[in-house]
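Step one of this worksheet: look at the structure below.
Letters A, B, C and D mark the chains as written, and numbering starts fresh at 1 in each.
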């Protein structure tokens, strides 16, 4: 089961604050995306939850309403503590949506679960019939290249080192920066394909410049996702305030944030 | 609002695997406990969730069905990253059960949220009208004594250093070991009250001996809570298997586990 | 080999910035202390270094010039990664000063070495003939009580939870706060001996109040040891500036620091 | 000041166990390398120590005996805790060898010092006249690209993601695997220069296969450096046993280790 980027939408993921929604709200959001995408977009539904049971319910729902794939974090309170437990855990969720590819969402910085993905990949391919790949949101590229050579599909999640990720073999990306600066990332992909690494790096550096401003305001707002929403609003797509425990920028912060983005040239990258 | 130990039951907490239940199951468990306790026991309901919205729903339910107090972890995906965010977050949950005391559950080892509780205590007392105290499950006793001197009620959660916790000022305890070796802990409390620290330590050391065996099997089973359930079954209270991502002991492990408990004298402590 | 507190001096330890001195300077400091102490004080010499070889040289020197005990951290670059390695490592240093008791200095927050001290204690007693105890500078009291029950002498190093440490069985303490507020700590010890825990806690809370101010300035100065020296100077004992990578307070900071200490009542505790 | 790889030797670095040698031994090793290299090799001398004073002494010595560059870790006990302290710290060492380029050795996994290198780079270029670059041994490529765009020379230290490092802009590499499989790494560099990323990845994957076997035995031996020495001996260069706290392989382990290397094809890569 193969997936290529820029034709997917990942619904209820981190950036979309899916984990701040109730189960009912999450279902509603999924149904809406499927309706509006009308099969022009591949819809990947994030079903990660506090426990397996609720992830299963969301996976089942995703399949029922016509999603194209299911992705899940590990359970967020009692966490899989070894490969055995993680494979079993993913198998349990995957079998609730057996006709859809199941993608494991590896995001150690937020989940605290940092098991070896190369080892997991060999096991998952054998034990999960509908295993569809890994969304790899870690800077550990040596582990990632092991996943790639195991034959597993990798969607890279660290936009700020996308060039490094592609060079080490990622098949595509799912990230937040693509929402507002897709041109830069398309250019990056084209340049890497041509083997023009120095030029690709110039584009990558733009991502890093954006991130450093974003982290600064994310820190004030209690989370980067809140800052990402603020950036979206500067591009004309109003997102509304984030949910607790994050907060919106104050009026003054909004002004400063915009000026710092201007200073790095952000508005010319759109 | 004051609470004393050994007359409370903490429902849907860590040991009870509350976070592995669906919201519906959690509500059912609460209703059952309230029914069977018939006001002989103070019922504290844990409402910690992946996000604030669902914690609010559970808090509201707890109040509606007659619970005595509400306790909550911080949200488990997007986490409060500073005192401001944590106070706001707790206030949001507390106001959903405004007639009940609200207890913050400080469990940094599992939540990753390790903010200064002394600072939080001063703020929470001012900004959360029904703030009822902290369940303090951390080894950071210097922070804990600060909470105590701020005037906030502390329920200590580290059974394996209960004597240290009481000596530093904790008002009571909520823990897992009390489920199967309450005699030892009652003795400990009595000895500390008398000022007999060396004798209290003898009892405390029993807790530590138990814990070291328990950690060993908890490690095999993917979590200490699974081992705690196994221990309960040795005392005659059959708990059933834990939910994923933990697993039950194999038959062989059960035998060995029991023998190791016998070797440390566990069955004479009941 | 038994050691009691308040009659010892720990030379070249953390507070004395021993690790910022060259080997030659460290030797000079040791010789001076031995000369001025004239056997009225037990002199414990810290010999922790970047590697075993240099710790051995310092241990040998300590014995040669008449020290009473040797204490060492684990090697600071290549670190002992399991109990085997740590026991071997300590044995190597201990045998270089075979007539002196050897004390292992457990300070995980600065060394990154956090092995189980209870297990280590059983091994060290068997394999190191002149093993003399552990300076335990960690908040992990469940591990510490295991050390105590193994029969090993514990000098507790967390002044800010001294009451908890004594309650859990520490035999004494080696710390920084004793340098300028020994009265408070002597009072604490007396109160614990009487079984007057609430009164002991009142004294303990003074330590915590001092620490919170100290951390604040330590943070500005690049390390708590720099702030401890500043506090010493307020009590009339001028220490001189710390070495790099720490820095002295600016004149303005000195003023503010002193005022904050005044505000918590520090100068009445001397 | 510019440095290119494969013509350098880094003396007294991690792999050479420089930190397990006494100061006198370190000086001897440096003098020997300079003698035998006869200016055919650029000699970079690692002077990282427990404190600044001793690093200064080693830096001075390196310049006196004719080294080409000096590299240093942060001090290993009292650690620079912010950019200010780190810049000051490096400046102090750099000025002890003012005619040689000074390279900062960024190795957070072993030093615990993980400050932002992009920010450090801008400061170091201004405040350290002989600043020569960063040996970057971290997986944080977004930080590394920032260093590159600041104009600072980057020697990449993570051999197991060398392709990712070069793609993100590293100017060269200093690593351990180059000691025994330089052909693979030369091939990797050539392939990247041609823009043949898929072929470069094939070579990179060999490095990752080697590393996974090496980590396994490094874990048994108490450190990867011990395993690296063992691998050297298989290639015909006998290194002798590592110093404490690491240990040599047992005879049986040596046999198994060799067979595992054979199984991944290692001996064909030489």
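The definition used in the following text is that a contact is a pair of C-beta atoms (placed from the backbone, for glycine too) under 8 Å apart; a residue touches a chain by one contact, two chains touch by 3 or more.
The chain lineup, named per UniProt: A, B, C, D = N-acetylneuraminate lyase.
Predicted model, so just to flag it, every value in this text is computed and none were measured.
Engineer: Applying the touch definition from the top, give me the chains sitting in contact with each of chain A (N-acetylneuraminate lyase) and chain D (N-acetylneuraminate lyase).
Structural biologist: Chains touching both chain A (N-acetylneuraminate lyase) and chain D (N-acetylneuraminate lyase): none.
Engineer: Just how many steps, at minimum, does a route from chain A (N-acetylneuraminate lyase) to chain C (N-acetylneuraminate lyase) need if it may pass only between touching chains?
Structural biologist: 2
Engineer: Approximately how many whole Å separate the CA-defined centres of chain B (N-acetylneuraminate lyase) and chain C (N-acetylneuraminate lyase)?
Structural biologist: 33
Engineer: Using the average of all C-alpha atoms in each chain as its centre, how far is it in Å between chain B (N-acetylneuraminate lyase) and chain D (N-acetylneuraminate lyase)?
Structural biologist: Each chain's C-alpha centroid was found; their separation is 47 Å.
Engineer: Residues of chain D (N-acetylneuraminate lyase) that contact two or more other chains, please.
Structural biologist: Nothing qualifies.
Engineer: Answer with line, ring, star, complete or other to describe the graph linking chains that touch.
Structural biologist: Drawn as a graph, the chains make one closed cycle, so a ring.
Engineer: Name the touching chain pairs, would you?
Structural biologist: Once each pair is checked, the touching ones are A-B, A-D, B-C, C-D.
Engineer: Name, in rising order, each residue of chain C (N-acetylneuraminate lyase) that touches chain D (N-acetylneuraminate lyase) in their complex.
Structural biologist: Within the complex, chain C (N-acetylneuraminate lyase) touches chain D (N-acetylneuraminate lyase) at residues 17, 19-23, 25, 49-54, 57, 74-82, 84-86, 88-89, 92, 110, 112, 219, 222-223, 225, 243-247.
Engineer: Looking at the complex, which residues from chain C (N-acetylneuraminate lyase) come into contact with chain B (N-acetylneuraminate lyase)?
Structural biologist: Result: residues 118, 139-142, 145-146, 148-149, 158, 160-161, 163-169, 192, 194-197, 200-201, 204-205, 208, 211-212 of chain C (N-acetylneuraminate lyase) touch chain B (N-acetylneuraminate lyase).
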